[in-house]
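As written, the chain order gives the labels A, B and C, with residue 1 at the start of each chain.
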């Protein structure tokens, strides 16, 4: 606090520690520091005493020992001989996978519902209001359980596809929707460039990124030509070619073919499988968070003053362009910060995966590993560290974004 | 005006307005404008109607064929005679378990019921500003009465706890006006003096033959547990959250640092890991010779959790106040506690109330997570004892639907209140 | 609620004395009740019935210990624990005794510092499949989706079994029995695996129990037993010998029905020693002379408890099998009372 008056004359008295603004803040901080240190010492000594009494120690050695259990959903190589540490990493990747997927679909649901809620169509607006209210006001745990139950009881089991006159048939003969998950044709390379499977996919993605920049270059060129001559050259066939040709050539070169799932033994084999727990959790998180995002989107759009829309219309912009060029850019400024914190919520809520048997980090490290090793303190600490890292990273990006879009005021 | 007769026909009276064309009136107009204004809109309408029909055609027979009287699922199925229908009998048969858990003594159900009714009276003065301020006394006494009602045992315990707080308030009112620090320390000293002296006076056996039978907190369960966790944790976390928010805005680097670390840490981890902490770790941090009840550990962690969120809401309120308010308070010569108490917080809290209510609703929903750590709240009762019993093995929809409906009613009610409040508070700024 | 009623009230806490350091027996006596960790709901072993009373095989053991120590089988506080929380609950003193389908393994006994006081149920992990699959052996399960109820050492045994037989499977770990059943019944899993006793209990609760079979393979040894903290030998002796007393009572034909008569004195000195009419075994444990009588009187001897909670007459319908007395070809065997 700014001190404008002259400092009082005279010597130092103890009372001044509390009454003099020059010392008071130091005094309080010293008291706070002492209290804090006492609290830490108290808790720490209790912990040590209790651990000693129970004959336990804190050790992370168990992470290197074989986990001994299998995980159904894994993005990296893992089997029951891998270590608890590897199981934890599988869990981390699964958490990230379901979070990213759910973030994308929740945004789609949310934006659709938010925009439709403002639609002039009475029925649609009311339906969306109903959707938002019903999902926002019921705990996400109940939704996850309900959706998982719906999935397992409504969809047919693989057994229903068997026999001469099966109760269920595959969709278009290539994809099967079962209560164990969705089986789809999976792409396979007969002539891969790399031995490691995912490197081939990185190559494909790299080519797509190259196409993206190529297409941007074409657009830029077209704009330049337009500025110089006033006529925009027709470029759509260039763009299409740049997007399609390289990637198609690459895929053909690598010998892409589709592996169609078929019912063999107990399960469908071959093709691409998206597991039931993943789908249930993904869908539940998306639709639940979508309701919150819808509210953010609605608030964002309504925050753009009507004058802006009217001014844009007065300039002769068509409704679509009014939305794209005037309303959305302003609304996004309001929408994006809460949107990112909804993404954070999705990541944190994905820890409810244990209710559906999805092997995320809470289910591997915080579930079976904890259960089998009994190393409760270590597991819980690692678990919190992981979530903390994710959320700090996301907050970091929120701050960067907030600074970037801060209104440049005169 | 003379009538010009040169014309062959002149209308002397106005034609009554003809009715608008049928397509522009009543239902048709409404339909056209609201449901079929364009091709896209029409398609959306039809799709929505199909979706509604689909859902209702499944739900209505299920709801109306429901069986309300049976003692097990197989009896239910027999009673339905092959029709599709719900087995609501599980709700009637396990009604008490769903609401109170399976261990709360049946003869004492009136106690939580009474506590719930009193809750409305206690909350009313806080929620509705128009009520006389004197009623806040009910709010102040309520927690102690509710505690006594729900846990039972000797009433001396809550009484002494209340007296301690009352003494603290009294001392603070007397001394705090002149010297905040002295009043504050004096209040704490007074409260502790009464608690220690009073605590010593209560005989050990006081609980044995108390008017209300003591109920251990292990025996709490069902929706009552959700309500209690929600109400307790929200009310405890509001003061803590305000303190944290003030700490985060403080000019003292150490205090600010501690508050920031605390808030960011708690907000960065999912509630479920904090509940794991409550369940598997917290016990190690308490003194070796005592163990603290699981209910208390969970209350601590949920309170901490919601305090961090409330702190952020309050911080938003503090930040939204114009700088001039702070400066005006300083220029009046108010010191920090006075400025906060009389100028800043009343305004900042008013702005924050809708946000706090949102946190409260979210927190109340999150109390269902305690089912993951072996507490039998509403969801825990459903997933545990009820679905595991041989009679009701396989009744999912009725139970989950019931849980969803209960939460919906409460949360929707609170959010409607919040919207009402927002509208009311907004008028002041016009 | 001993010395600090106001504190307990203030925080709505029930502070109770008793932790790893103290003598557990004294703590139990001071509290006036035994805190017994049980599972959150496994029919037959520990589950609340419709009126909310805990019932089951493990629950009965808790009641017997309470009767032996406190003289009243009802003075038990049942603390439901999950697979995750059970060990912390015991280590931190939240429970005095854990009777919750816990497999006795080396690392739990040695590394986690618990004392398993004996085996009260010899179990093994089995498989249940729908009859229509036509599976006769677990070795035919190549490629199957397996629902696992997580908890004991189920996941580990399963991984070992499939690995050693070199066949593949897809695990679906589910936390609660109810949800695992739902998965299995809807066909989301081909196989359901957990301890054989649990499978029998689950199958018994099905609408069409006949359509499901248990496969002959038992892939693991699951000696389930109560456990206590390391380091309090007096307490572990009490719990161990309470279990032994129940077993010996069955062996000697002492039942809850003839208990009163037997106590008047018999010609069999071991019965007399067991029931405290001869010698002072109770005093050696720090208990009353008739401690074993009270323990048996609580819920009956080992065989009675078995028959009442999980035996063939119950919906769970487990045969004694390995859990018969050693004289009947089983493994249940108690050291002598002398």
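Going forward, contacts are C-beta pairs under 8 Å (C-beta built on N, C-alpha and C of every residue); 3 or more make two chains touch, one makes a residue touch a chain.
This structure is a prediction, so every number in the text was calculated from the model and none was measured.
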Winner on C-beta contact pairs when B-C is weighed against A-C: B-C
Farthest chain (mean CA position) relative to chain A: C
Chain centre separation (chain A, chain B; CA means) in Å: 27
Separation of chain B from chain C, taking each centre as the mean of its C-alpha atoms, in whole Å: 40
Intercentroid distance (Cα basis), chain C paired with chain A, Å: 42
Multi-chain contact residues (two or more partners), chain A: 50, 53, 149, 153, 354-355, 366, 370, 376
Chain B, residues touching no fewer than two other chains: 276, 280-281, 283-284, 288, 372, 383, 396
Where chain C touches two or more other chains, by residue: 19-21, 84, 88, 92, 175, 179, 182
Footprint of chain A on chain B - complex, ascending: 33-35, 37, 41, 44-45, 48-49, 51-52, 181, 251-255, 258, 264-265, 267-273, 276-277, 280-281, 283-288, 330, 361, 365-366, 368-369, 371-372, 379, 383, 396-397, 400, 403-404, 407-408, 411-412, 415
Chain A - residues contacting chain B, complex: 1, 18, 25, 28-29, 32-33, 36, 43, 46-47, 49-51, 53, 116, 119-124, 127, 133-134, 136-142, 145-146, 149, 153, 348-349, 351-352, 354-355, 362, 366, 370, 376-377, 380, 383-384, 387-388, 390-392, 395
Complex interface listing, chain B residues touching chain C: 73-74, 77, 93-94, 97, 101-103, 147, 151, 153-154, 156-158, 160-161, 164, 195-196, 198-199, 202, 204, 206-207, 216-218, 232, 276, 279-281, 283-284, 288-296, 299, 372-374, 376, 383-385, 387-391, 393-394, 396
Touching residues (chain side chain C, partner chain B) in the complex: 1-22, 40-43, 47-50, 52, 77-82, 84-85, 88-89, 92-94, 175-179, 181-182, 185, 204-207, 315
Chain A residues touching chain C - in the complex, by the definition given at the top: 50, 53-56, 68-72, 79-81, 149, 152-153, 156-160, 179-180, 264-267, 269, 276-277, 354-355, 357, 359, 363, 366-368, 370-374, 376
